[in-house]
Structures are given as structure tokens and as C-alpha cells.
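Okay, so chain A shows up in both of these, paired with chain B first and chain C after.
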Partner chain A sequence: MTAAIRANLPVFAVIAPLFVAFVLPTFARRTRLVEGLVIFVQAVGLWGTAYLARLVLAQGGLPIIYEVGGWSAPWGIELVVGNLGAFFLLVVAGVSLPVAIYASGNLAKEVEGARRRAWFYVLYLLLGGALAGMSITNDLFNVFVLVEVATLSCCGLVSASQEPSGAEAAFNYLILATLGSGMILGGIGFLYIVTGHLNMGFAARALATVWQDYPHVVWMAISFFMVGFGVKAAFFPLHIWLPDAHSVAPSPASAVLSGLAVKGYIICLMKVLFHVVGPELMQVFSLNRLLVLLGMVAILIGSILALGQDELKRRLAFSTVAQIGYIFLGMGLLNVKGMTGALFHIASHGIIKSALFLAAGAVITQTGKERVSELAGVGKKMPITMGVFTIASLGLVGIPLFSGFVGKWYMLLGSLGAGDYLAAAVIVAGSVLCAGYLFPVIRVAYFEPAPADDWQEPGVRQRLALILLAMGIFVLGTIPGPLLELALAAATDFLVFN
Partner chain B sequence: MRILLSKLLINYPYMASVVLFIIGASTVLTRSNLFKKLIGINIMESAIFLMFIAAGNTRGGAVPILDQANPGASYINPIPSALMLTGIVVSVSVTAFALALIVRLYDSYGTTNARRIAEMRNGVADR
Partner chain C sequence: MTDIILALLSGLVGGIVIALLPQASNRLRNTLVLLFSVAGAVFSWRVAGTVFSGGTIRLSGEIAGLAWSLQPDPLGTVFGLIVATLWLFATVYSFGYMADEPRQRTYYAFLLIAFSVALGVAFSGSLLSLYLFYELLTFATYPLVIHERNDEAIRAGVKYIAYSLCGAGAILIAIVVTHGWAGSLDFAGGPLLARGGLRPGLGWLLGLYVAGFGVKAAIMPLHRWLPEAMIAPTPISALLHAVAVVYSGVYGILRVVYSVFGHELMAQMNFSRALPWVAGFTILAGVIIATQQDVLKRRLAYHTISQLSYILLGAFTLHPWGLAGAIFHMISYSTLKITLFFGAGIVAKQTTKIRVSDMGGVGWQLPWTMASFGVASLGMIGMLPLNTFWSKYYLMRGSVAGGKWPFALVLIISGFINALCFLPTVVAAFTGDRDQLSREKGGNVTLMVAPTVLLAGIAVLLGLWPGLVWPGVEAVVNSFFIR
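Right, the complex of A and B next:
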């Protein structure tokens, strides 16, 4: 029994959350059972992915290849738990467990009705399963299906809040995201027409020999992928849906949407660009220049727009746009250090932004104040929540000892190594701007006199989740160890062995 | 020029799919009626389905079932058609979800015009 589970662990990582998601509605009214089951499946998932990651590390980076249904590669669907897959599985599981714990305490204040809460958890688990699938699948069409599952559950999570603006933000998100899915499907179609394969490895080998015969078709495919995944990942000029969607969603949903969902699409784009198209071809089409340039613009514009927002969750949402810019910049540098930085930033931003959104959500549900200027004295009344917010802010700015520093440091080294001093300057400037939009929140919360209102700390489960995430930020910053090893190995896979 | 034109004519399903894609995408981006946006999405997705199925087609190809009497016969590639079945299912569920959202928006704003909804929401925010 255990041997069977162990042999099929990669596929269980994907279908276990999906299966529980389909079971949940049958006992939707029993909220405690639903919450317990969700937390249980996330905890088991974390254990399983940690085991897989240890296995990959022990094998020295050799991927675990799982053939779904026993059909081998060009015909069947392959799941490949390599360095990248293990890395992102670990990030997904590590972030979604604390968010689930938090949601079990806080969701009753943000979503009314036991049945609606159960449906929220269904979407939450579907998103988790789809993200796990995206990180390990090696099949282009499978990528499309999982991207669609993730998109629909993201839109559902956005529309979970009862306010009418929630439905509006969800509709705008759905329309743009579906436009993006159409583009992705088109890109897959062009690649399939040229190469005749949907398996990424076979497509890559075929593309390397035939691209010179059809440069325009390959160019079309790449631009379709860039626009399609760009819309979904909120890459700079295509980010317009993000601030509305991420600020109106219930706070646990904002946390996973900003922290994980957006990253899932980036991981898929990375796979397509680096595994299928390959770094040499990217240079031929000067994609790397485009990524670095748009990344720099995203960092600056996103941060400046965040400075102007008074609504706390909107400010955090614009900050996500800027941090996505960092990841694309690191990808575009095309060297191992920059790529490692981008991958590590995916992990650290996932944890940090979840902590920020959860802390902001706790402040909003406990005090009813949504604007930064109204938060005077929150720090004294809610020391744990604001303490975690402060740690996460320091992490996002990139102070040493916190996780944000490691990723930004590698990206800085990468940009200096590539001789791109402008990118290095923008990375530093982005950190300063980040301090500019996060530190005023801390200043208002701690150093302004508190009003007489009786504001309480949130419940035990919310505090536990916040402390877990804060510990994660600190641990990743001081002993990044295995996660950094996986990121480094994944970056080397992307750039060297192609 | 004549060679280009004849190539375009031979590959007319692809041309049709390009035209449909442009119609769909421009409808999504320029119309403010929520239903028209949704219809634009559907047209755009149909264009991509058409492209896939055209890519799998072989002129004069048979149904892809192995015929023992005539094993060398040319047959169409079944994979794109199978993939597009999945694509159609996805597109239907997106449409259903979007229609549900439109119903909710109509209940709370009394209109299906995206621009009017944005104006009303901003009006609420200003007050």
C-alpha cells in the first residue's frame, strides 16, 4: 500500500486536492469537517512534496518521471518532478497550508453562509491541485487544461466576496484571462503544427531542427505565449485586471492569488520559453532584452502606482505588479545567477505577499478600516498582526536576514554578471520604492496615537498562520538551504543543459 | 504574388480562422456590452478550434480507424480533434461562469453595459 502510494506520489500531489474538492460539497453544511479536511489534505500534501523534494535532491537533480496511465512519452502524458517541479510544489504546499489555517479562522467574517464557505474551499483546493499540476506536467496541452482550471477557480475566488464590485472585478478578470487562454491555446497550436509534438521534450528537439524553416510561425507561437501568459501573470502592460481583482477578493483568496496563482503561470511560461524554445532561440528573437526591459518598467511603474494608493489591499496588489517585474527581469538576464534569483523570488514573494495580505485582512476584519491613513495605532492594539506585517515588509524590501534579500541579491549579481548596470540600478531603486510604500504603513501603525476603539487581535488560528509565515520568511532568509539548492539546480537545468 | 495568393487560397481554413480570431478579439476589447464581450470570447475560441482541426486534417483522409483490408490508406490526425473536444468543454464552462456573473451584475447594477457599471461604481466610491 505505502509502496504503491510512494510510486505514484507525483500524480497524487495533483489529484489528491482535486479529489477532496469534488467530495467537499456533499457535506457542505458541516463547516468544521470541511475545514478539517482541507487543512488535513494540505498538511499531507506538504509532507508528500517535502518527501519528493528530498528524493530529487538525493538523486542529484535527476528528475522523477511518471507516465500517467503507463503510456510512455510521445503518446502519453508525462509528469516530471525535476528540480523546478519539486521547487514549485514545495512553494505551493508551503504557502497554501498556513493560508488554509488562516481561512478556517477568518473566512466566516468575509464570506457569509456555510455553503458558500464550502464552495470557497472547493475552489481553493482546485486552484491548489491545478498549480501542483502546472509545476510538474511536461505536456503542452495538459498545461492549457491546468491553466484553465486555475483561471476559473481564481475568478470564482475573486467573486466570493458578496460586494457587487467583486462580480465586476471577477468578470473583467475572466474576460482578459480567457483572452489569454485563447492566446496560449493558439501558441500551443502553432508549436504543434511546426513540431508535431505536445510533449515538451520532444517538441524542443523537433523545434531545434525545424525552426529555421518556419521562423514566422515560431515567432507567432512565442508572441502568443508571451501575451497569453503575460495577461495571466499580470506582466506590466497587461496587469490592468490585477489591482481590482486582488483587492476585492476575501483576504485568504488574495493571499493565494497574489502569492501563488500568478507564479504558476510564470512557471509555465518559463517551461515553454526555456525547455521548449530554449535560451539560444530566445536570443535570436531578442526575447531576453524584451523581458528585461518590460521587467524594469514593471518594477518602476508598479512601485510608483503603489505609492499613490491609500487603500491597503490595493497598495499590496500594485506591489505584486512590481514584484512580478523582478521575476521577469531575472528570467531575461539569461544567466544562472539571475535565473536563480528569479526562482527564489517566486518562493520568497509567495510567502511574503501571503503574509502581507493575511495581516492586512486581519487588520481590516478586526478594525473595519481599509485605508492606510486610518490605521493610526493599530500596532499597539494588535502587536502580533502588525509585527508579522513589519517582518514581511522588511522581507519584501530586501533587508538581509529576510527571504526577499536572497532573491534580490542573486538577481543583482546576475545583472552585474550580464553587464546590465541599468537593471542593477532598477533592482536597487525598486527596493527603495518598496520601502517607500510599505514603511508609511508601519509608521502610521506604530508611531501615531491610537484612538480609543477597542481593537482585538484576531483568533488563535489566524495568529498561528501569520506566525508560521513570518517564521518562513525568517528561515528562508537565514538558512535558505534546500530551497536555494533546488532553485540553483533548476536554473542550471534551464540554461546549461539545453 | 500569384504564388502567395494561391498558397492563401489553398490554406483557406487558416485564413478563416485568422479572420474569426481578429473579429473575436476586437469584439472583446472594444465592445462594452458584457454579452458582446462574451460572444467575442466564444468567436475567438472557435477560431482557434478551427485552426487546430484544420491542422489535423488531411485532404481525402479517412476516419482514423485501422482498416485491415487497406492498411496504407491516409487518414486524418485524430489528436487535434480530441484536444479540441477538451477545448470546447473548457469554453462552455467559461461561458456558463461568465453568464452567472452577468446575472449577478445585472441584479446589483441593473445594466449589462461595462462602462455604465464602472461609472456607477466610481460614483459610489466618490460619495
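Right, the complex of A and C next:
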């Protein structure tokens, strides 16, 4: 029995959350059971992915290849748990678990009605399953399906808060994201026309030999992928839907949307660009320069826009736009250091931004204040929540000892290695701007007199989730060990072995 | 080994204890603050004892795969001793000065934490740990800068953070480049970049470092945050903005010059020839602007800017005598400047006079204070019975011996302008109506006056017997010039 589970672990990582998601509505009114099951599934998921990651590391980066239904590629669908897959599976599982714990405590205050909350969890698990699938699938059409699942569950999560603006934001997101899905499907279609394959490995091999015969078709395919995934990953200037959607969603949803969902699309784009198209072809089409350039613009504009936001969650949402810019910049450097930085930033930003959104959500539900300027003295009334917010801020700014520093260090190494001094300057400038939009929150919270209102810390589960995430930020910043190894190995896979 | 850990932890632990202590018990808190500060100072002195008797203390590890280390060498130890000793004086002075101020808990908690962090800067054995503590120092001292919590203080705080973070950003890029070129960031193996010799881009790297650390060292034109930060309570202005924080910048530059590039490599670089001119300009411009300031604390701030560049000038001569002068000036200037600030603080507290033009006759009300202030003023000119005479002597000797004689002239001119800057104030303080009531009575005032007088006394003592600190200075110079 255990051997069977172990052998099929890759597919379980995807199927288990999906299966539980389908079961949940049958006992939607029994909130306790729903929450317990969700947390249980996430915890088991974390254990399973940790096992897979250990296996991959023990094999020295050799991927675990799983053929779904026993059909071998190119006919069947392949799941490949390589360095990249194990890395992102770990990130998804590591962030989802604390967020689920937090949600079980806080969701009652943000979403009304037991049934509605159960549906929230259904969407939450669907998103988790889709993200897990994205990280390990090796099939282009499978990517499209998972992207659609993720997109639709994201839409649902955004509109879960019953505010009218939530519906509007979700609708905007839906339109743009569907456009993006169409683009991705188009891109896959063009690639299929040229290569005749949907399996990434086979498509890559075919593309390498035939792309010169169809340069325009390949060019179209790449453009479609860039725009399609760019919209979904909120890559500047396609980010316009993100601030509304991520600020209006319930806080656990904001956390996974900003922390994980956008990263899932980036992982898919990375796979398409590096595994299928390949670094050489990217250079031919100057894609790397485009990525670096737009990444720099995203960092600067996103940060500057974040500076101007008074609404706390909106400020954090704009910050996500800037941080996504970092990841694209690191990707575009086309060297192992830069890529490692980008990948590690996916993990560190995932955990940091979740911590920030959850802390912000706790502050908002406990005090009812949504604006930074109204948060005077929150730090004294809610020391744990704001303490975690402070640690996460230091992490995002990139102070050594916290996870953000590691990613930025590698990206700096990468940009200087590529001789791109402007990129290095922008990476650092982004840090300063990041301090500019996060530290005022901390200053107001701690150093302005508190009003007489009786603000309480959130419940035990929320505090536990926040503390777990804060510890994660600290551990990733000091002893990132396997995660950094996986990121380094994945970056090497992307750039060296192709 | 345990000494260095305890020295670094006592401030941090103390800060946390103070932060968790309820607001009410004032007396208990002051006792605890003193206890932790004394502990930090004692352990720092023990570390110094080990280092100066030839031992090595090393503590190293990895953060995220990057090696860090704490290994005080003579230069770091001298800086650490200055910090640890003067912190005690400033703490005692704070007991008097802050007695009736609000928010004392925050004040003392962060004062102690900043103590730890400043010692961390001093004891760092690699660029990475230096950078870490240098960044943390900004955050640990920020609450002290905005202690007043009014708009002006908040604005000063924003400026302080913005300048410091931009500087730290420049340093980070420079460190990444250094890491790429040298392969290591540890100071223990001699100058990091010396082995690689001259290479293109070295000048830019030096420029990045100097600009980055120059923010806290208040090199013109990166000095703008410092006068604004004078909104902080006087003990903070005295300790942090005349010594600890600004010295962390100066110390960073000394490290870059002697531990990252090394004086031999520096001597071969064209860019390093420009640096003494920047320092010389800052020396003169700073003190000239200082004479124009009417608010005493602002005058002292610009004067700080000028004096910090004395130290940098000594370092930039790349000559053993110049470095000796720089280290001697680090020691002697810090004692005198704190005395001046303490004096200004007592005057402001007891007479509410903050402008130089109002200070006629305060000397009769505050005889001990103004006498110490006068002694320190003489020191800033570089008169003989005071310690700064010796630092200036070695600085000039180093400038001439290093072939940079115009800077000896700069130092002489600066001495004259210093006289114009402070002597009129001192003379005015002791003219006018003699029969005024003394305002130096009462427990809190004694707590302020005693450290002031004591520091002035130490300055005179070091002036008469410079040999007291000479072994330390010699050890620093030897550590960089004789290998």
C-alpha cells in the first residue's frame, strides 16, 4: 500500500487537493470538518512534497518521471518532478499550509455563511492542485488546462468577499485572464503546428531543428506566450487588474493570489521559455533584453505606485507588481546566478507577501481600519501581528538574515556577471523604494500614539500561521539549505543542460 | 570567545528586557540600563585586552551560504572601545537629561539595542557582517532620531532612513562586485583586492564604497541628513550623530581603504588621489558653514561634518603617520565633541537657550558646564594641553610625509576657523552679569554635568599623556602597514 502511494506520489500531489475539493461541498455546513480536512490535506501535501524533494536531491537532481496512466510520452502525459518541480511544489505546499491555518481562524470574519466558506475552500484547494500540477507537468496542453483551473478559481476567490467592488475586480480579472488563456492556447497551437508535439521535451527537440523554417510562426507563438502568461502573472504593463483583485479579496485569498498564483504562471512561462524555446532562441529574439528591461520598469513603477497608496492592501498589491518585476529581471539575465535569484525570490516573495497580506488582513479584521494613516498605534495593541509584518518588511527590503536578501544577492551577482550595471542599480533602488512604502506602515503602527479603541490580537490560529511564516522568512534567510540547492540546480537545468 | 558574544548580547538582551518592562518603574529601569551598559563595556574591554595582547578572537559561520565572521582586529577594537566607553557616559547623561521626558522606555530600549549593533559594526571580521550591522544600525537608531515625534522629527527620520538606505544600497553593489573579484569577503587574510592588482573598474568600485559609507560619514555633499537629525534628544545627538553612527561610516571607509583595497593598491590608483581633496573640501566647507549657524546644535552638527573628514583625510594620506593621526583623532575628537554636545544640552535644558547669540552670561549660571565647553573648544582648535593637538600633529606629519603638503595647510586654516567658531561663544558666556543664580544644582543636573566634566578631564589627560592610547594607535598602524 505505502509502496503504491510512494510510486504514485507525483500524481497524488495534484489529485489529492482536487479530490478533496470535490468532496467538500457534500458536507459544506459542517465548517469544522471542512477546515480540518483542508488543513489535513495541506499538511499531508507538505509532507509528501518534502519527501519528493528529498528524493530528487538524493538522486542528484535526476528527475522523477511519472507517466500518467502508464502511457509513455509523447502519447501520454508526463509529470516530471525535477529540481524545478520539487522546488515549486515545496513553495506551494509550504505557503498553503499556514494560509489554510490562518483561514480557518479568520475566514468567519471575512466571508459570511458556512456554505460560502466551504466554497471558498473548494476554490482554494482547486487552486492548490492546479499550482502543484503546473509545477510538475511536462505537457503543454496540460499546462493550458491547469492554467484555466487556476484562473477560474482565482476569480472565484477574488469575488468571495461580498463587496460590490469584489465582483467588479473579479470580472475585470476574468476578462483579462480569459484573454490571456486564449493567447496561451494560441501559443500552444502555433508550437504544435511547428513541432507536432505537446510534450515539452519532444517539442523542444523538434523546435531546435525546425525553427529556422518557420521563424514567424515561432515568433508568434512566443509573443502569445509572453502576453498570455504576462497578463496572468501581472507583468508590467499587463498588471492593471492586479491591484484591484488582490486588494479586495479576503486576506487568505490575497495571500495565495499574490504569494503563489502569479508565481505558478511564471513557472509555466519559465518552462516554456527555457525548456521548449531555449536560451539560444531567446537571445535570437532578444527576449532576454525585453525581460530585463520590462522587469526594471516594473520594479520602479510598481514601487513608485505603491508609495502613493494609502489603502494597506492596495499598497501590498502594487508591491507585488514590483516584486514580479524582480523575478522577470532575474530570468532575463540568462545566467545561473540571476536565474537562481529569480527562483529563490519566487519562494521568498511567496512567503513574505503571504505574511504581509495575512498580517494586514488580521489588522483590518480586528480594527476595521483599511488605511495606513488610520493605523496609529496598532503595533502596541497587536504586537505579534505587527511584529510579523515588520519581519516580513525587513525581508522584502532585503536585509541580511531575512529571505529577501538571498534572492537579491543572487540577482545582483547575476546582473553584475552579465555586465548589466543598470539592472544592479535598479535592484538596489527597488529595495530602497520598498523600504519607502513599507516602513511608514511600521512607523505609524509603532511610533504614533494609539487611540483608546480596544483592539485585540487575532485568534490563536491566525497568530500561529503568522509566526510560522515569520519563522519561514528567517529560516530561508539564514539556512535556506535544500530550497536554495533546488533553486540552484533548477537554474542550472534551465541554462546549462539545454 | 564568550567575551565577544556577551559584549554583543548584553545590549540586545538589555534592550529586550527594558522593552518588556512595564512603564512605571523608572528607578529599576535606569539601574538595569546602567547594568547592561556596564556589562557591554566590561566585556568589550576584555575583548580589547585579548586583541591587544596579541590573541585572536574569531567567530564565524554562514548565512545562506555566505560566510560571515566576527573577528576584531586592532582597528575594530579601537572603534569598539570608543563606542563602549562613551556609551556609558552618554547613558549616565541620559539619566539626567531624559528624567522628565516621555517615552523613556522606547528610548532606553533602542539605546541599548543600538549599543549592540554599533559594537557589531566594530567587531565585524568580514564585509558581510559589517554590512549587516551597518544596515541594522540605521533601524536601531531610527526610533531615537524621531524621539520627539513631531513633524520635524518625522521628516528628519525619513531623510535619515532614505540617505542611509541609498548608501547601503551602493555598498551592497560594491560588496557583490568585491565578492566576484576577490572570492571572499573576510578581512583576516589581508586586503581583499590586493592580490588581483590594478584592473579596470577599480576606481568605480572605490567610488561606490566611499559614496555608500560616505553618507554616514557625512562627506559633503552627502551630509544633508546630519543637521536635520539634530532634532533628536541631545544625548543622542552627542553619542550617535557625533560619534557612533557617523563613526560607523568613517570606520567603513577606513576598512575599505586598508582592508579591502589595501594602501599599496590605493597608492597605485588615480582615483584615490581625488579623495583627500574631497575630505579637505569638507573640512573647510563644514567648519565655515558651522560659523554661520546660530542654533548651537546645528553649529555643532556642521562642525562634526568638518571633523569627520579630518579622520578621512588621515586615512587617505595612505601614510603610517596619517593613519596614526586618523586613529588618534577618532579617539580624541569623540571625547571632545561629546563634551561640547553635553554642554549644549545642559544649557538648553537649564536655561532654554539654544541660540549662540543668546548665550551671553550663561557661563556664570553654569560654570562647570561652560568651563568644560571652553576646554573642548580649545581642543577643537588643536591647542597643546589637549589630545587633539597630537592627532593634528600626526595628521599634518602624515600629509607632508605622504607628499600631500597642501592638506597640512588645510588643517592649519581649519584650526583658525575653529577658533572663530567656538571661542566667541565661550568668551560671551563668561562676560556680562556675574551675580546670577547657579543653575547647576539638583540631582538630574549633576548626572549631566559630571560626565561632561569628566570627559573634558579625560581629554586633558590624553593631551598630557598621549602615551596612554598610543599603543592602541600603534597596533592599528602596524596591523595595516607591517605584515
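By our rule, the second predicted complex is superposed on the first by the 498 of 498 C-alpha atoms of A that agree within 3 Å, B and C clash if a C-alpha of one lies under 4 Å from a C-alpha of the other, contacts with A are read in each partner's own complex, and residues count from 1 in each chain.
The rule is short, and it goes like this: a contact is a pair of C-beta atoms (placed from the backbone, for glycine too) under 8 Å apart; a residue touches a chain by one contact, two chains touch by 3 or more.
Since we're looking at a predicted model, the values are computed, not measured.
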Touching partner for A:Leu484 - first (chain B), second (chain C), both, neither: second
Which of chain B and chain C A:Val406 touches, first, second, both or neither: second
Partner chain(s) touched by A:Val428 [first = chain B, second = chain C, both, neither]: second
Partner chain(s) touched by A:Leu185 [first = chain B, second = chain C, both, neither]: first
Partner chain in contact with A:Ser159 - chain B first, chain C second, else both or neither: first
Chain B versus chain C as contact partner of A:Val460, first or second or both or neither: neither
Touched partner set for A:Val145, first chain B, second chain C, both or neither: first
Footprint overlap on chain A, where chain B in one structure and chain C in the other make contact: none
Sites on chain A touched by chain B in the complex: 141, 144-145, 148, 152, 155-156, 159, 164-165, 167-168, 170-172, 174-175, 178-179, 181-182, 185-186, 189, 192-193, 198
Complex contacts: residues of chain A adjacent to chain C: 394, 397, 399-401, 405-406, 409, 412-413, 416-417, 424-425, 428-429, 431-432, 435-436, 439, 443, 446-448, 476-480, 484
Residues of chain C touching chain A in the complex: 63-66, 106, 128, 131-132, 135-136, 139, 143, 146, 149, 154, 157, 161-162, 165-166, 169-170, 172-173, 176-177, 179-180
Chain A partner contacts - residues on chain B that touch it in the complex: 21, 24-25, 28-29, 34, 37-38, 41, 44-45, 48, 51-52, 55, 79-80, 83, 86-87, 90, 93-94, 97-98, 101-102, 104-105, 108-109, 114, 117-118, 121
